[in-house]
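Below, subunit A partners subunit B and then partners subunit C, in two separate complexes.
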Partner chain A sequence: MRTSDRTQGKPLLVLRLYIAGDASAARRALDARKRIIEAAAEPINIEIIDILERPAEAEAAGILATPTLSDETVTPPRRLIGDISNTAHVLEYFGCSNKDTTA
Partner chain B sequence: MIATEESAVDPVLERVKTGIEAFDDLVMGGLPRGRTTIVGGTPGSGKTVFATQFLAHGITDLGESGVFVTFEESPDEIEVNMASFGWNIRRWREQNQLVFVDASPKDRDELVVGDFDLAGLLARILHAVKAAKAKRLVLDSLTQLFDHFVADPTTVRRELLRIAAALKKEGLTVLMTAERNSEYGEISRHRIEEFVADNVVILRNALDKERRRRTIEVLKMRGSRHVEGEVPITLVENHGLVAVPLSSLRLEQQSSTKRVTSGNAELDRMTSGGLFRDSVTLVSGATGTGKTLLVTNFLAGGVAAGERALLVGYEESRGQLFRNARGWGVDFEAMEADGQLKVISLYPEAQSLPDHLLTIRELVEEFKPDRLAIDSLSALERIAPETGFREFLISLTSFIKQREIAGLCTATNKSLIGGQSASEQHISTLTDSIILLRYIQEGDMMNRGLMVLKMRGSEHDKQIRRFTIDSKGMHLGEPFGGAPDVFGDAAIAGPAT
Partner chain C sequence: MTAARERPRTASEIARAGEDEPLAGFSQLSFQRLVENIADGILVVDLAGSVLYANPAAAEIFGQPTENLLQVPLGRPVVTGDIAEIRVRRPDKPPAEVEMRVVEIGWNGDSALLASLRDVSAQRAADERQRQSQKMEAVGRLAAGIVHDFNNLLAVFESGLKLLEKQIAADPTNPRVGMLIDEVRARAANGGALTQQLLAFSRRQTLSPEIIDLNARIESLTHLFEGTLGRDIELKTLLAPQLEPVEIDPNQFDVALLNLAVNARDAMEGRGILTIETSSVSGVFGASSDLAGFVCVTVRDTGCGMSRETLAQVFEPFFTTKPEGQGTGLGLSQIYGFVHQSGGHVRIDSEIGMGTSVHLFLPRART
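This part shows the complex of A and B:
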């Protein structure tokens, strides 16, 4: 389904990043988020959800660990937990190509 | 069963009742408020039932709501599985008395890279605690959480410590379950108990001589006393876990001096006035020596004196018991019709020994008899491992005495002449009186003999008396002339000279 979206040029990948407050791990995850968006060959939307402020959403999504980067548009949801600083690896995991490699 | 004391006893530890009455007695009134208890057990040992009961009791009886964090079954599964214990989880959920945090395994692609924390879980728990205004919290089971993050046990351990500390700060009384690999091995996988628990409780479901034996044991109570040793438990429909208390916890019953008739005037004379009101008498003898007859006399004698009598039979059907009685001139039907007698016939194999004990207790609570006969203990012994049987006897005899009931139990000897049955060995120290019925050979004649072997707190006739049985019942006659050996394998009296 993502391929059909792609042809229309909308934000193709919608991810959610679950973090807890402003702990150092959360700040690292937010930095990584920026780099992922910049490195992606296609537009990516990564919504930030601070579970300390929005615990109900963590409950609904069944989040145990933070940071968690999650693609909830697919069934079953696809999740990456822990260290998301390896941009190339993250993009590959969510099936998105990297600017450098696609050039 | 002895109470141990740790150094720092906090006299003001408030107690949180679990709803498992006899268990609360073991831990001096309940789990200490604001503390963390680990309940360990093998699969099927009743951990989830224990945990749910802890929450249910708070909700239904004490107005304390709870949070259930489930790592194993989904909330809907728990709702269904626990319904048979009479817990309406659906309604509690609707009224926010019970809030679930659903951390059960879900279908998802997941990859863990590097370091993470469980802040997500903690945030969800605290959110649920706030929603329910919870006082009690259950995490079931931690082992599943470790399995979820199987590559990072160190991280899970660190995070659990953090969660436990946060929950303690909230003043919650926390019960965490943990899986064990074996009944008598290490306390839990991942050694969870070592780093988070103030208290450790073990549930067991061990196989002992082909029988399941469920027990509960309090292993550790930080800063508090508890009773040591395994206590039998059973799962009861519409109730949950029931611990079967052992008598040694409360041996305060005082002995009465009031006598009641044994139902046989001659036997009353031999015992200097009959049996004591709150005593347990064992009648032991080989098959056919007249044990059931003695039971029948005992019941009829009570009813004739205006008492209520209860017979729990494990060997013969009701029809058979009624026919026997009629053969000795006793009309059980009329007594039952008058509401003075109740005869219950049970199949020993139908339930476990602790369940049998509960059945007897329920019957007694319901019928409120003045005297109770159990025929026979040997039939019950068949179905139980030895330790279980001894515990059963201790509980039974102390219960009978507490209720100030006159109890009469029978035990069957395996050999026809002389010999001791195992139940006899067990019960002889627990009963107040022992009556032996024996076949005694004299020359080429086989006669029956009766002897009062023991009578606590009273004088009694120590002779071995001849007796006969006819359509009017038992007739005690003269003592045997010689000195027959009623204990040995060959109970042969010397030839009458």
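This part shows the complex of A and C:
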């Protein structure tokens, strides 16, 4: 279990959010990113990668579409694609607990 | 498994029950043809996010052969509500704007997700062109109205130059020469500022909702209005303090407000009071109203008003009460389109001879 790994002093969860420019979907994803970080019971680092500015990174990671939220510390990478505004769902998918449920 | 028994059996469950059993009277081959010829892209993705199946339309959207998509760690597709908007990268083509819908299905005995994809790039581009043309229409309406003001400005230049000519002939060292030059220069700057504002306004901008402070937006627009509504129209703003922010496209809002201001100017035939007011709906229309949760922008004029018959038609594109050459009537349909797209409502109160109030109800931004 990744969650228990982290509680035993393993590194915090590091995700990457791939977006494209400032389209409305990208802005929604950035909003969601903030809420995910706030809602998580443990520290999360979500790096933002704008694929218009850094296309090589999207290419190397095999990103087919945006917004994609990706955990690349596992093989194959664990990803969500589309609307990530359901914070609880996103945290659960990446094996991270929610402040509200742990409180 | 209880949940699985409660829902209708999926195609794969039926297929498991009897290998080649026809589905609702059709063979599996017919279904396969249907899926392979449908215009929407279809992906079946396992719960870990790997693509298990892609139809030819999906391959077209991704700009890659079907086999390249299989087993790719695309990610688990998620939507909140009905649709998610995604942008697809493609090897040798511009990106595609895609609407994605997702349902859970059974696939070869396991749970999977079916994502249907619709390429809306062409539609988005057409919408964008329409918005730009509506904006240019609004600018055109405004420009038509200010030609008169520009003529006045030219008359001021001309008389200023004449006075200057006389003064120079009489006594070129008189300080009045300098004053006259300053005066003409100030009028030229007025005209220049006006054209700059119009040009800035006409610039092509893409639709992008933002969280904005309506009061600040209105205040910045009133500078443009003051220069364009004419001297005999008094512009009043009654802006509610601590107005909640709204999430709308600011450029579309500017165009809507501009259209309303031009309509008001025309209804008042160049003379009257134009009031722009903001309020929280709960304070004005009662908290029990369906409109609670909205912020209202009201544009009120002291013009000629409208009859019930006219009111019924005002939102139709190209409907106009203005003489030929003075308006194409697109203003209110732009307003209606913008407000509805933003999840809001428009209400008009008007009576012949009593002026018109147009209320734009815009949803508060989600916090």
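By definition in this document, the second predicted complex is superposed on the first by the 93 of 103 C-alpha atoms of A that agree within 3 Å, B and C clash if a C-alpha of one lies under 4 Å from a C-alpha of the other, contacts with A are read in each partner's own complex, and residues count from 1 in each chain.
The working rule: a residue touches a chain if its C-beta (ideal position, glycine included) is under 8 Å from a C-beta of that chain, and two chains touch if they have at least 3 such contacts.
Please read all numbers here as calculations on a predicted model, not as lab measurements.
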Partners on subunit A (subunit B, subunit C) - clash or fit: clash
Subunit B versus subunit C as contact partner of A:Ala65, first or second or both or neither: both
Which superposed partner A:Val14 touches (first subunit B, second subunit C, both, neither): neither
First (subunit B), second (subunit C), both or neither touched by A:Ser24: second
Touched partner set for A:Arg78, first subunit B, second subunit C, both or neither: both
Which superposed partner A:Ala41 touches (first subunit B, second subunit C, both, neither): neither
Touched partner set for A:Ile51, first subunit B, second subunit C, both or neither: both
Segment of subunit B intruding into subunit C (one of 58-66, 76-84 or 148-156): 148-156
On subunit A, the residue positions that both subunit B and subunit C contact, one per complex: 20, 23, 25, 51, 58, 62-68, 76-84, 86, 89, 93
Touching residues on subunit C, where the partner in the complex is subunit A: 48-50, 62, 69, 72-81, 84-89, 95, 97-98, 100, 102, 207-210
Residue ranges of subunit B in contact with subunit A within the complex: 101-103, 106-121, 123-124, 126-128, 145, 148-149
Interface residues, subunit A side, partner subunit C - complex: 20, 22-25, 27, 51, 58, 62-70, 76-86, 89, 93
Of all residues in subunit A, those that touch subunit B in their complex: 18, 20-21, 23, 25, 51-52, 55-56, 58-59, 62-68, 76-84, 86, 89, 93
